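Have a look at these structures, which come just after this line.
Each of the next two complexes has subunit A plus one other chain: subunit B in the first, subunit C in the second.
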Partner chain A sequence: MIQMINVSKKYMKQSALKDISLTLPIGKIIGIVGENGCGKSTLLKLIAGLSLPTSGRVTVNGETANRRICKVVSYLSELDSLNYIFTVREALDFQASQFTDFNMAKAEEIMKFMQLEPHMKIKNLSKGNLGRLKIILTLAREVPYILMDEPLSGLDPMVRESIIKGMISYVDLESQTLIMTSHEITEIESILDCFIAIRDGSLLRMADVEELHESEGLGVTDWMKKTYV
Partner chain B sequence: MRAWVALLKRDFKLTRTVFFVGLVINVLIAMLTIYLGMKAENTLLMFIPVVAAVVFHVFYVPIIVFISLKTEANQLHLWLHNPQSASTLLISKIVDGLIMIVISLLMLYVMSGLLMIIPKFSLIEADWTDTWISGLLIFPHIILISIMTGVLVMFFWALYQFLKFKIGRWSLLVVIGTVILSGWIVALFESTKLYILLTQWGSMGINFNFSTFSLDPIQVYTGEYFYNFIIIIGLFFLSAWIIDNKVEV
Partner chain C sequence: MDEFNASKPIYLQLADRINRQIVSKELKAGEKLPSVRDMGIKYSVNPNTIQRTYSELEREGILETKRGQGTFVTEQEDRLVQLRDNLKHEQILLFVQVMQEMGYSSLEIISGLKDHLKFDIGDE
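And then the complex of A and B:
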């Protein structure tokens, strides 16, 4: 279970998150939604232990999140940076050497699905293929929490749908939770169990997608249009 | 161990360009030495470029560490999202630099040795033996100073990464200020009686008294080595602690 208790984050004087409290269970696909710069990426970085709260507490499975929480958290950054010195195969091998939970067979399977060539040098990959490789490296880990910050960025609109569906098939919802941010909310809405809406760094709403349908008769996209515009 | 070896291989790949450029520079220095040997009348003068190259090696590990950490800074989330402790991540960079400096110095050593036995330069056996022995005394010290400076680079880099999110554009200025201030404090401390008391024990004299050349004996103390060792180990673990607990992306 991921818990955030009264978490605030400031970058110098600028407030990124304000007094966020939430609990995220295992076995869900959770979308974090909100406008640009509202704090979605900061929220993921705090859970990954790569950013530290200015006040409040973030715990993952009862342990305070710091950078070494990565033993139970797999994180995909929105940035396009990867180990450019490697080929795709070397990147997989390096990931396997660092994370004992990295499932190479699963990585091979996802790589085949993503149509990525193992001998290709990372520095020569297109933006779309970099995105695919980041997804492989993140999804092939057998960890309880998978965090993906804008995993679809750079991917062709034509392939996004199939990649989203594929991604879901590689997540074991018995033992894993997938938390993702995306600007393309309409594209991920169909797979979400639950969503967290953030506005100006504050938690606007956290709810099950089904509950939203039942209570307001709206999907996440429609609810966002109604609330944010 | 598999994880650490993979880290070391990765660090080597990050810095190998500098390493290979260094080896090419070594060859160029050997060629310059041959050229000077043919032009200069005093055969020992021709070894000035080699000596300069050896001395310049004190900057070797800090340069390697800086280049490696600079690359990490551009993709910090990638480096920090790793289950290994920061000390494990950092030690791999030091060992990478250590392997490279040893290979580079050995190359210079062997090349100078080969030049010495070229009959044209008519150096006697004693020159070769004396240089060999003085090399054995000087090289470990060059390597030690280089590693110490490398750890200092790590510390100031970690401090900069920590301050970056706290004070923004002032962080570089604060780090430069810290470098100057700490240098001044260390210089002050080293002139106190306490420093003498702490370090001047276990006297050892390093003698360069050979048949072909001699220098005044250099007085060193086991206490000095021990003092520097403690400082460097302390700074190394402080850097690792800052990276583990304070650095953010």
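And then the complex of A and C:
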């Protein structure tokens, strides 16, 4: 379980998140939505322990989220942090050397599923294949929480679809939770259990996607258009 | 095919699809359905949602889950006949509603249908 209690984050005097309290269980696919700069990525970084709250408390499985929380949290950054002289194979080996929970057999399987060639040099990968590789590195770790910051951003529809299908195939909802930020809400809506809407650093709403369909007859995108205006 | 309408829960839309596939015999009595995950991949839908669809159809007696074996279309003939009937009534209801809203009389509707189907009453 991930728990945030009255969490606020300031960068210098700039407020990024304001008084967020929420609980996220195992076994869900959760989308964080909101406008650019509203605090989505900050929220993920706090859970990943890569950034610490200015006030309030973030715990993952009861432990305070700091740098050491990466033993139970796999995090995909919006930025590229890959070593460009590596081949795909070497990148997998490197990830395995950093994380003992990295499941190489699973990585190989996802690699096949996404049709990525292991001998390719990272510097020669297309943007789509780079996106696929980052997904493999993040998804092949056997940890309860997988966080992805904009995993679909800037990728073409075919790549996005293969990544979405990869998520459904390889996230084990018996034992894992996937949390991602995305602007491609319409595309990820059908795979989300629930969504967290952030506006100007505050939690606007957290709800079941199907509940929104049922009670308001709206998709997440329509709801956002209606609410954020 | 893979598009869902945001105004209705996805699990119900999937249930509708499965019901239609059963009535059209695309899915046969006793046939095994894909696993929750495979179905999720096929439609790009959250496996939890698929599970909800299967549970709902199970509750309605249309699907049956056999422990350790998977989910199957029921072999209860009467339930399948009932499903076939229900779907027919639903469609007719929708059609008649639209026709009546546009002001067609019952006679006009029937004669229109007859013409369309090239079928005379009493020909049965």
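Observations
Just so we're on the same page, the second predicted complex is superposed on the first by the 228 of 229 C-alpha atoms of A that agree within 3 Å, B and C clash if a C-alpha of one lies under 4 Å from a C-alpha of the other, contacts with A are read in each partner's own complex, and residues count from 1 in each chain.
Here is the rule we use: a residue touches a chain if its C-beta (ideal position, glycine included) is under 8 Å from a C-beta of that chain, and two chains touch if they have at least 3 such contacts.
All of these numbers come straight from a predicted model, not from anything done at the bench.
Room for both subunit B and subunit C is found when the two structures are superposed via subunit A, with no clash between them. Between the C-alpha centres of subunit B and subunit C, as viewed from that of subunit A, the superposed structures give an angle of 160°, to the nearest 10.
Using the contact criterion defined above for the overlaid structures, shared-chain residue A:Gly217 touches subunit C, although it does not reach subunit B. When the two structures are aligned on the shared chain, A:Lys106 is found in touch with neither subunit B nor subunit C. In the superposition on chain A, A:Gly27 contacts subunit C only, with no contact to subunit B.
Once the two complexes are laid over each other on the shared chain, residue contacts for A:Ile168 go to subunit C alone; subunit B is not touched.
By the touch criterion defined above, A:Leu192 reaches subunit C but does not reach subunit B.
Subunit B and subunit C never share a C-alpha pair closer than 28 Å once the two structures are laid over each other.
When the two complexes are laid over each other on chain A, subunit A has no residue in contact with both subunit B and subunit C. Only residues 27-29, 161, 164-165, 168-169, 173, 189-193, 210, 213-214, 217-222 of subunit A touch subunit C when the two sit together in their complex. Subunit B meets subunit A in the complex at residues 2-3, 5-7, 10, 13-14, 74-75, 77-78, 80-85, 165-168, 244-249. Those residues of subunit A that touch subunit B in the complex are listed here as 11-12, 45, 48, 50-52, 66-68, 70-71, 75, 77, 79, 81-83, 85-86, 93-94, 97-99. Contacts from subunit C toward subunit A in the complex involve residues 4, 6-11, 37, 40-41, 43-49, 52.
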